[in-house]
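Could you have a look at this structure, given as structure tokens, before my questions?
Read from first to last, the chains carry the letters A, B, C, D, E and F; within each, the first residue is number 1.
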Amino acid sequence: MLEIGQTYNFYGKVLNLNDSTYDHYPINVFSEDSENLIVRLKKEEEVSVNKIYYFETVAIAFKDKIHLEAKTHTILGEMDIPETKKEKLLKFFYHYAPIDTEAIRTDIEGIIKTIENPVLKKMTETIYDRFREDFYLYPAATKFHHAYISGLAYHTHSMLMLAKGFFKVYSFLNEDLVNAGIILHDICKIFEFDSYEGSEYTIKGKLIGHITMGANLIDAVATELGFQDTEEAMLLEHIIISHHYYGNFGSPRKPAIAEALIIHFIDNIDSKTTVLGEELNLVETGHLTSSIGVLERERYYKHKLTND
Amino acid sequence: MLEIGQTYNFYGKVLNLNDSTYDHYPINVFSEDSENLIVRLKKEEEVSVNKIYYFETVAIAFKDKIHLEAKTHTILGEMDIPETKKEKLLKFFYHYAPIDTEAIRTDIEGIIKTIENPVLKKMTETIYDRFREDFYLYPAATKFHHAYISGLAYHTHSMLMLAKGFFKVYSFLNEDLVNAGIILHDICKIFEFDSYEGSEYTIKGKLIGHITMGANLIDAVATELGFQDTEEAMLLEHIIISHHYYGNFGSPRKPAIAEALIIHFIDNIDSKTTVLGEELNLVETGHLTSSIGVLERERYYKHKLTND
Amino acid sequence: MLEIGQTYNFYGKVLNLNDSTYDHYPINVFSEDSENLIVRLKKEEEVSVNKIYYFETVAIAFKDKIHLEAKTHTILGEMDIPETKKEKLLKFFYHYAPIDTEAIRTDIEGIIKTIENPVLKKMTETIYDRFREDFYLYPAATKFHHAYISGLAYHTHSMLMLAKGFFKVYSFLNEDLVNAGIILHDICKIFEFDSYEGSEYTIKGKLIGHITMGANLIDAVATELGFQDTEEAMLLEHIIISHHYYGNFGSPRKPAIAEALIIHFIDNIDSKTTVLGEELNLVETGHLTSSIGVLERERYYKHKLTND
Amino acid sequence: MLEIGQTYNFYGKVLNLNDSTYDHYPINVFSEDSENLIVRLKKEEEVSVNKIYYFETVAIAFKDKIHLEAKTHTILGEMDIPETKKEKLLKFFYHYAPIDTEAIRTDIEGIIKTIENPVLKKMTETIYDRFREDFYLYPAATKFHHAYISGLAYHTHSMLMLAKGFFKVYSFLNEDLVNAGIILHDICKIFEFDSYEGSEYTIKGKLIGHITMGANLIDAVATELGFQDTEEAMLLEHIIISHHYYGNFGSPRKPAIAEALIIHFIDNIDSKTTVLGEELNLVETGHLTSSIGVLERERYYKHKLTND
Amino acid sequence: MLEIGQTYNFYGKVLNLNDSTYDHYPINVFSEDSENLIVRLKKEEEVSVNKIYYFETVAIAFKDKIHLEAKTHTILGEMDIPETKKEKLLKFFYHYAPIDTEAIRTDIEGIIKTIENPVLKKMTETIYDRFREDFYLYPAATKFHHAYISGLAYHTHSMLMLAKGFFKVYSFLNEDLVNAGIILHDICKIFEFDSYEGSEYTIKGKLIGHITMGANLIDAVATELGFQDTEEAMLLEHIIISHHYYGNFGSPRKPAIAEALIIHFIDNIDSKTTVLGEELNLVETGHLTSSIGVLERERYYKHKLTND
Amino acid sequence: MLEIGQTYNFYGKVLNLNDSTYDHYPINVFSEDSENLIVRLKKEEEVSVNKIYYFETVAIAFKDKIHLEAKTHTILGEMDIPETKKEKLLKFFYHYAPIDTEAIRTDIEGIIKTIENPVLKKMTETIYDRFREDFYLYPAATKFHHAYISGLAYHTHSMLMLAKGFFKVYSFLNEDLVNAGIILHDICKIFEFDSYEGSEYTIKGKLIGHITMGANLIDAVATELGFQDTEEAMLLEHIIISHHYYGNFGSPRKPAIAEALIIHFIDNIDSKTTVLGEELNLVETGHLTSSIGVLERERYYKHKLTND
């Protein structure tokens, strides 16, 4: 119970902003202690819904209730606290990929090291290094699949793992090209959304999209590194623009090299199978899942041989 | 050069039958020595085009030419000769999968041994044992993909290899079910074609098809083994009828369990990627392939990083 | 009005089960006298929603109300009462096809007698005799068309009647094959649903479906009767698997014989026209029906020449 | 053998026109005696390919051959000869529906007599009487189905026969409306083609089509008879414009009354099943037909139970 | 405030009819002064919802409220008042096209005057003169686009203006035919709806539709004027039936002359772009519109260069 | 007639290269005097098929014929001759747009001058100036529409002319954006083909395409000019990637601003209507054109009111 006059400092996620005719306006905040609080901010101050802030407040009486008047509020990204504390807060307040980020980072960076073709290696490293931080935070989509923090890295990692099986069966594939292509195929998702938490499409995301932004990025980095006329840059750009295949999926070109086709297959499979696994997790053996959007709205059966 | 009166005994594939008003009629035969010969058979005797026979003949003069009058002819399957000799003849006369049959047989039988679920193991073994010989001879299709002798086993083996990669990423999959499903999914192709060499669809193949014949087979074997009411038999039958997915691909049901979905994905990928690999093999680096039927008639580019 | 302490015995349909912390739990029952009653059952006893039971009860006070405590309850199927009484109860509690079951039974059995081809006759009789009882009880679907008790027999009968007209115009049709095909085409609907009243799809219904179950049944019965290699068994199986035509309708094969095509036409027409007749029945002359699901969501006009 | 100077008078169908620098030009004519003749016409005279003429000629020498110089030529339609002679000539020179025209005329006129609704009766009689002659001569299409002389009447008759079966099963249908609708549904085909023999689409046939011409005809005749505001005229017009159903089949409206839906079904069935019967006629039992255009290019199997 | 016993005369739109057991029944009326009033009518008198009437009433007490008892009520169309007064009332009570009707009338009649081809001129004038009044009142649709009073004339006018640009670029177009075609293409919309205010489809609108009614109209007027066999009448009829292009848009024929194709293009563009303009008007710069039905449910961005 | 020993200098287009075992190899050349000549080149020299060269040759005897041995050969682009001479040669040897290039250049440059928005103006001018020469030479496609030299400029010009009409009707359009968008929408077609004469798709054209190359170009030039974060650059890039609308037409995004939608409409119309005009030009009044690929393979009627 809050006591009037007491000071309360805490991290909280802003849920809602409310109008007010007073010189403070009330906002709903969900705190790190799982409480729903009403915090009052000065009229001229702004916060964003769905973001985490550190609030320093004091409890006041307001009509019959106790509200918290904010003295300061600082967005999480500007707090000078250890990374582990930040990650803990993010995991608490947001939906997170069910993975060990450090482990997949090790895997992904290990695979980048295996790339032998110098142009592909340089292109991949340059782009990866430039956007690494966001790469491990952004989701892969706002809904449909991998729609949670770190979803992009999780999805990319699964694709790299699946690709290994393909190299054994189809020896004509160029491994460097497949690996570089997978790492870069969705990287411009980080520009398609306005933030990694509670993501919404930006206007640029809607008007241009991660596929064309990805092509632009390859083109710009190739020019920057002097690779603008290389076969490698052309193939990487082709992989990026064709990974949704074509037609009503937003790719302006169909795959026209074997590696682009394989990346399309793996991308498609992982985006569907991961969702299916999550849905099966939610029901009991012997029952049907809900209708699954990415699987043509079908319901799947969790059969009695299912591994637990 | 043939000499009149001499005896010539040889294996040969029948290319063509011709009418004749004489009491012997001429047929065109391609011999194991790569010669095009004309053999004359008695009116009342029959041979089938595209099959291999052992002919015992004697050379005779016919108009200005030398023909071979057949004394006996025996179809290859009824010759009492070593298997290795038979296989050598088949490889000479027909288009063959580019594989080492013995090696894939070892792999496939090894995987059957790993199946732990007793119902799946018994069902798979029973069916595999019953049709093993044809399983290693039949093609997977009359055109489109794996349309050569042993194509069915080659395709099945590649699918089993690809599946291993999926087990690592999607731990909720039941490996036994995926492996049993892959081994049995196309097995009734052996009833869809009239023979393994130069295959044509039979009437039953056209009217019923390998998918429904496969369902019937599972149903009959399950009843025979006392498994007719098991979850396992139902799931295997479901995998078989849903592996073409649905709609204009001949499946009466969409996949509704995770393992059926994965088998569909792998089947689809292997049927396309194997053809793509074969087509890339036919062109030089830097060029486009011909239009590829199974890949929406697209032409693929053999890029300059292609492995040789 | 119920009197406390009195005995009340009656047939009733279970509408709802409710939780309770007492050692009896309350269920809602709709009685043969159209009353909504609350019956209390012992914790360890089970009844199924939507089924009819014979209850022997005594009225008790419960809080401010009068409940009926069940002494016994027996499911209708196990009551030793005349068939006519059973049918009367079913007609009262469930939605029923608007037909005289005895009359259509006479028609259908008359048509079976006309089949001259011995294989078709034996196959049809064997399957019909084995499932006759359910055949006259099950619906033809859980929604869409003929979704009421006896719907399957009603639909089958209408198709047989329509077929007569076709024999006159298209003399090349084999009547035996059309009649046998119609009688058997949907028979495995009885396995697709969990019961004939208030039917739901079973898991096997969803994963395998009446089309493939029908194929399995033909295959098994043909084997049992020694007809496994007959043209007749193959044609019947073909008719069953092709009667939804193809594509997004669940048939793995298109019709490839004239009789299969005709059965597809008649099946399609009856499933739509019967619904249309029912919908026209619900509106007044000069008005439009509601949007009709099976007719592409169109609204039909009940014109002023409509027969009443 | 022709003799120079002799007179030859005969009926013949013009096969071909040839250029010439002489003042007579040669045409190829197939005669009623099945001979291929060369007839020479004066430059200023015209004949049409594919039409039948009565030629009065005299044999002349032309280079090394004998040609026939035409003195007169009269198109069959203008010859004053008995109808039976005309019909015999038409049957000889053209492809004809396999029917007894007199018998179906009796049937059709009998059905018109049964129409009780006075508006429908008057509309049907008026239009039928006005176009009766052409109705029994025109084909139902230039290709696809019933593409031969009298095809239109043959198709209309089969539809009327099939409809009888529907009246028994679906008692809510208005028989008068169905019968009138069937008789009139395709009647404007006679304006879509340039002639009944060797028909080609006219420009008006291509730009307006029999469906809209049919609507115009109903509209004009209704006005002429004072029925312009009747329910009957509206329903007949609706039946005509909706009988191809919709979409890529050229109907501007979907059926919205039961009778229009039934006529659509019957029209569709007869146009396909008649072709199927004709194709089965061309192959032997146990074989597949050619690919059939109106049946999605499928090949059908003439099974061993087929009636002969 | 109403005073009991006082007389109140006013124009009002009927919103609702209510049942009553008294000999007067109450209706809700929205008056020209924007008041919601309850008017009581005698049992035997009828008014239509959504229509404007002139009411002469007297205020009476009814239970605790004041109602207005109607002495007379006259529908707007029968009031003898100036056109400008009528138009003012219509604009007040209904949703109206954002145009100056007089200005577009001048433009349209000016364009009719420019038609030089005598047949096209006479046909266009005859039809336009006959339906001019309704032409300027009816909407172009009940929803989707131009769904307000005068929508038909507004849409027709925009199309005529757009066509001018096409004549400059594509000199092979016949201007008379394009202009006549545009003016007449949708004219039968006035028969498709039951009134110009608050329009609903009539049964004839649903069963026949403005496209076929338009064809009938051209056909009838051509016959009336002696133009029934002219190229011009055929082309006009073709334009009308093909202006929705084909397929699922209700045209029985695709455009087959250049002018029909151009009219289809312009019709399609104006029906979509006008809606888009209206939707952009509703949002602020920098934001997305709502999902727009006629534009495949897409949301459009009102960018920062948008003209105000 | 060629005389042995004489010198012959001329422009010619290379038709064909032939193998030879001699140290000169023969090529077929079509000369500016419309002669088909055989020119012999030294083994180590290369020419390209379909290109124009200036040849200096001497006539020699070769077997029974006279060949021309080339002393020098210079590709047209490297000849120091007046532009008018070059253009005359191009027009002679290739298929050319039916336009006055100078006139449309004046129009286009006039429109660029009218652009007021400084970012759009600078972007448009920069790109136009950089590629102006090729812009007036390249076709708009290799087949389908405007598939001739200068086709790109011709198509762009027609679109600009059509746009003027739209500005009058839809006042909410930003003219600068529409004009800039039209000028730039197809400009990367010059990179999609290997040359402007006898164009073939390059590998980069196939793998990346003019739409994505256009996006890259906008992105690179915006960065170069410091406009990378402007609304204008984003909108231009959006227009380019959405001008094929979406789906099976190669656009990765649908139009989402009004100007992009209008450019899509105009582009679509001009690409079809120009072809239609060309096809109508090829037939006589009263006849149908051939089937037209870009118009769904329809045949169009050249009616009797067609302007000549």
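Descriptive notes on the structure:
Heads up, the rule we're going with is that a contact is a pair of C-beta atoms (placed from the backbone, for glycine too) under 8 Å apart; a residue touches a chain by one contact, two chains touch by 3 or more.
Everything quoted here is computed from the prediction, not taken from an experiment.
Minimum number of contact steps separating subunit B from subunit E: 2. Taking the definition of touch as given, a chain qualifies here only if it contacts subunit B and subunit C alike; those chains are A, D.
More than half of the contact pairs at B-C come back, by residue number, in A-F, the repeat among A-F, B-D or A-E. Between the CA-based centres of subunit C and subunit F the separation comes to 67 Å, rounded to the whole angstrom. Rounded to a whole number, the gap between the C-alpha centres of subunit C and subunit E is 50 angstrom. Computed from the mean C-alpha positions, the centre of subunit D lies at a distance of 44 Å from the centre of subunit E. In subunit D, the residues that touch at least two other chains are 203, 206-207, 235, 256-257, 301. Contact between chains, per the stated criterion, is found for A-B, A-C, A-E, A-F, B-C, B-D, B-F, C-D, C-E, D-E, D-F, E-F. Partner subunit A is touched in their complex by these residues of subunit F: 203-204, 206-209, 211-212, 215-216, 219-220, 223, 234-235, 237-238, 241, 246-248, 250-253, 256-257.
Looking at the complex, you find that subunit D touches subunit C at residues 117, 158, 161-162, 164-166, 168-174, 176-177, 231-232, 235, 254-258, 261-262, 265, 269-270, 272-274, 276-277, 280-281, 295-296, 298-301, 303-307. The touching residues of subunit A, counted against subunit E in their complex, run 203, 206-207.
Those residues of subunit E lying in contact with subunit A across their complex are 286, 288, 301.
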